[in-house]
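Two complexes, one shared chain (chain A), two partners (chain B, chain C).
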Partner chain A sequence: MREEVLNLLAEICEDDAVKEDLQTELFESGLMDSLGFAEFLVELEDQCGVVISPSEVERKDIDTPEKILALVEARR
Partner chain B sequence: MNYYEGIAFFLLLILVLVGAIVIGWLEKPLKWYSLLASLFFAALIFWGNPAGILYLLAFYLWSVALIRIYFTIRVRDGRKEGIYHVFVLLSLIPLVLCKVTPLFHANVFGFIGISYLTFRVVQMIIEIYDGVIKEVSVLEVTAFLAFFPSFSSGPIDRSRRFLADWNRVLPRAEYLELCGKGIWKLLLGAVYKMVIAAGAYKVMGYLDTGTAWYHLVGYAYAYGMYLFFDFAGYSLMAVGSSYILGIETPENFRQPFISKDIREFWDRWHITLSHWFRDFIFTRFVMYSSKKKWFSNRLQRACAGFFVDMGIMGLWHGITPSYILYGLYHGALLAGTETWQKKSKFYKKHKDETWYQVLSWAVTMQMVFFGFFLFSGKLMTIFGLQ
Partner chain C sequence: MDILRRIEDYARACPQREAIRCGAKALTYEELWTYSDALGGWLHRYCGDRRDPIAVYGHKNPWMLVCFLACVKAGHGYCPIDVSVPEARVELILQALPDGPVLCTERLQADAGRHEIFGLEQLQELVREKRSRPVESAYTEVGESCQASAEEVYAELDADCRVQGDETWYIIFTSGSTGTPKGVQISADCLNHYLDWSVTLADSEAEKLGKVFLNQAPFSFDLSVMDLYTSLACGGTLYCLEKSVQSDYKQLMQALQDSSAAVWVSTPSFAEVCLSERAFDASMMPKLATFLFCGETLANRTVQKLQARFPDAKIVNTYGPTESTVAVTEVLVTPELAETVNPLPVGRPKPGTEIRICDEQGAGLPDGEKGEIVILGDTVSIGYYKQEELTKKAFFIESRKKVAGQLGEALRGYHTGDKGYLKDGMLFYCGRIDLQIKLHGYRIELEDIENNIRRLPGIEHAAVLANERDGKVKSLTACVVEKELPADPRSETKALKQGLLAFVPDYMVPKKFVFLEQMPMTANGKADRKRLRAYLEQGQEAVTQ
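So, the complex of A and B:
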């Protein structure tokens, strides 16, 4: 699961660094934007069956791979 | 009387807020007080406008009924897309009538605040579908919709955020700190709107008398300044008043004129509007079109998303050539920026260099002010289209 989510993130951000450093800032650094985030949610639902709605979380709650992992874990 | 206009409103506002400070200082709940104050202002402002009162009441009953009924259905039947779409469309009917009937020289549902109230209602329906809103109380919905500081023109708050604030009672020290910030914002907003925007308006009036090209260019910049200080001033006063009532209404502007590209601009200009569109239109359009495979790649999906997002934003301002053009113009700018930033090697190579950033800022500002010029309707007047 963890692996899947990280691979997905790396694919969307087009950067494997997000798998290595879980504290990477995703939005400020430009790795992720509204578009990437939308696609991430679609893939997350497809591949992991976890539904998260776009307005549910604020940017500051999902701005690192670690926070995203925690959120997905909590939802399983 | 109108919200944030005229001596009478401000005198009453001061009285109401002084009352709030006493309650907040005593560490008593402010929720009942703010609800009563909101109803009081609505009654005063709609007084003598029977059609407005009727439309407002009809809108309120319609919206509350839709939210309540949809919530019951959602709890009973779960996530069903069809019925969800029906309820979203039903909740849009008053706004659509309000925007479309003027084209036929009628004015159905044309009352102060309808454009902004609709955002709140639609947000609730969408989040009920998402399963994020887990309970609906008519009293709370009423408090959320009626909240007077942001009733007429936003900022557009979200129900869950608003109600969490509305239901809490702050310890004295925390309340006083929030209240202090609120007073500062209220005063700063008053200066923005009544001093600076009023000054810019005078300059606009002067430049409007000439027809030379430099009059037009000057007019565009003066209008942009007027638009910012008028609306940012109003927003600051709305946020400041909210703070004093214990509600941390989100900010609407964050130094928009330092934006280095158009995307950043929409993260700094009329923020609660653009974020509402981002969360409830752009993201959902991208997700939906991605599931349905309407486009062959991400970039196409994003560009289509920007046009839909900004096109609807334009229509929401009003069904006039200027507003529609304004929306499509920003859709095109966002799509262009996205394409440039994703495709251009030149961009990737130079984006962090100072000269590029300065140039990018300067170009962005010209595009922004040209957008305001479209928004002002002046261009249409020049070409005799309006």
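So, the complex of A and C:
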């Protein structure tokens, strides 16, 4: 699961760095924007069956790969 | 259509109806009309007989609209500049315009040179001063009707003074390949011809009367003309979504729910963002009857999701460059069409527009063959502002001979640089011929970004590539050569991105930077994009294997 999520994240950010450095700042670095995040949630539901509604989370809760992993883990 | 006359009619017939709302701020048709009259009267005196275009800077404050109408009432075209435009670019635009006032509803940080800046409070004060005299005199005399006071205010600016015919109504600056933006001039005739058609999209004009129209795009992006003026033409209310609301899902969903919008106008990308929220459906927006899309490729998947969430709404896909007033083709995307035709067509030309597919020599191509999309008709721009060379390259005039019973006419034409084909009169779009791309609806010249990257310290060469997925540009990658390879590419990437933000809007900053020792070149000395592309793809393969 962890690997799936990271691969998906890397695909959307188009950068494998997000798999290596889990503290990467996603929004500030320009790797992710609101459209990218929307895409991520749709794919997350399709591929992993985890449903997260974007209005439930704030940007500060999802701004690194590590925080996203924790969030997905909590929702399984 | 005479759009100003329409707005005037609504200001008289339904003065209390909201013309525009953004958050807690709103203006009624009467306020919009009388304030813009007062401000227009002041502008007219301030500028004298000069009819130069005037920059209007800000975001979604309802007073932006007051400024737009004040300009055209006083005989000046306006040039909308959104707060998202970086300072350096604002300065380039202001330098391209003749000296004169800049009307600002937000604080302008950029150096305005010899332009004189008028902030929101000043503008409101000017309007109050100008209106106080006739209004006071009417209200103090008991028995005088309000109508008379309004008449007095209305009468001050002569209707002959308004922008009309071939005169420029607005100028929108778009990305130019030299790194300097170019201003597309849209005339009063272009706008009015466009509106004759846009009010009929999806439903008749009568169906749209007094409805709420959703505004997503900033006013410096011409997609906003579709919602702003179609709404005004239908006596509707424009419901604006601010940048800060759009980037916060909670606020966004609340705003959509509160809007009571009946007509949705956005890029497909924005609808995709909303679709990731499950609550986004017909029960949340029960009045929503129409989706109008423009600005980028509309994916079948997006349409099908929307149809599942909004089973009764009509979805219309449109196509057109800024140079031909927002859009010139339309197609109603039915569930059958979304099911059977992939990619979706962009539609059939509106009345008054002719679409031609041409080869490199400019000769017309038969049905089904791909070539450049050429647009002729009554909404084609009069050209780029003070850029004769660029105008000559892209625009042309075609004379039509006299046909029995009809006068001969001259049609304006525009080479879009878009690739496409016609099939039974239906237009299909297949990307660009040159290095211009669309990313999230924004039109970008890759060379514009490259020229701006070269302004950064230490850069020797730069080439920007667009990454596509499912036929749609998803992101940009910059391949750069510095004096030597950076020791820490990650921090160098961050520094370059930060540096670039001073010159170009955030949507033009490439997502990824790749550092090369040398730029591969073609025989005629340009960056070899094919080899760069192969390098990027093989590199990615090597990583995933």
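Structural remarks
The criterion applied here is as follows: the second predicted complex is superposed on the first by the 76 of 76 C-alpha atoms of A that agree within 3 Å, B and C clash if a C-alpha of one lies under 4 Å from a C-alpha of the other, contacts with A are read in each partner's own complex, and residues count from 1 in each chain.
Just so we're on the same page, contacts are C-beta pairs under 8 Å (C-beta built on N, C-alpha and C of every residue); 3 or more make two chains touch, one makes a residue touch a chain.
These numbers were taken from a predicted model, which means no experiment stands behind them.
With chain A as the common reference, chain B cannot sit beside chain C without a clash.
When both complexes are overlaid on chain A, the residue A:Ala17 reaches chain C alone and has no touch with chain B.
Legend: residue contacts after superposition of the two complexes on their common chain; A:Ser55 is shown touching both chain B and chain C. When the shared chain is aligned, chain B and chain C each come close enough to touch A:Leu35.
More residues of chain A are in touch with C than with the other of chain B and chain C.
In the overlay built on chain A, none of the stretches 39-47, 183-191, 219-227 or 237-245 of chain B clash with chain C except 219-227. Counting contacts by the rule stated earlier, residues 34-35, 37-39, 41-42, 53-55 of chain A appear in both its interface with chain B and its interface with chain C. Chain A meets chain C in the complex at residues 13-17, 29-31, 34-35, 37-39, 41-42, 51, 53-55, 57, 59. Across the interface of their complex, chain B is touched by residues 33-35, 37-39, 41-42, 53-56 of chain A. Against chain A, the residues of chain B that register as touching in their complex are 123, 126-127, 130-132, 158, 263, 278-280, 282-284, 286-287, 290-291, 298, 301-302, 305, 338.
Those residues of chain C whose C-beta lies close enough to touch chain A in the complex are 246-250, 252-253, 269, 272-273, 275-279, 440, 467, 474-475, 477, 490, 494, 497, 506, 509, 511-512, 543.
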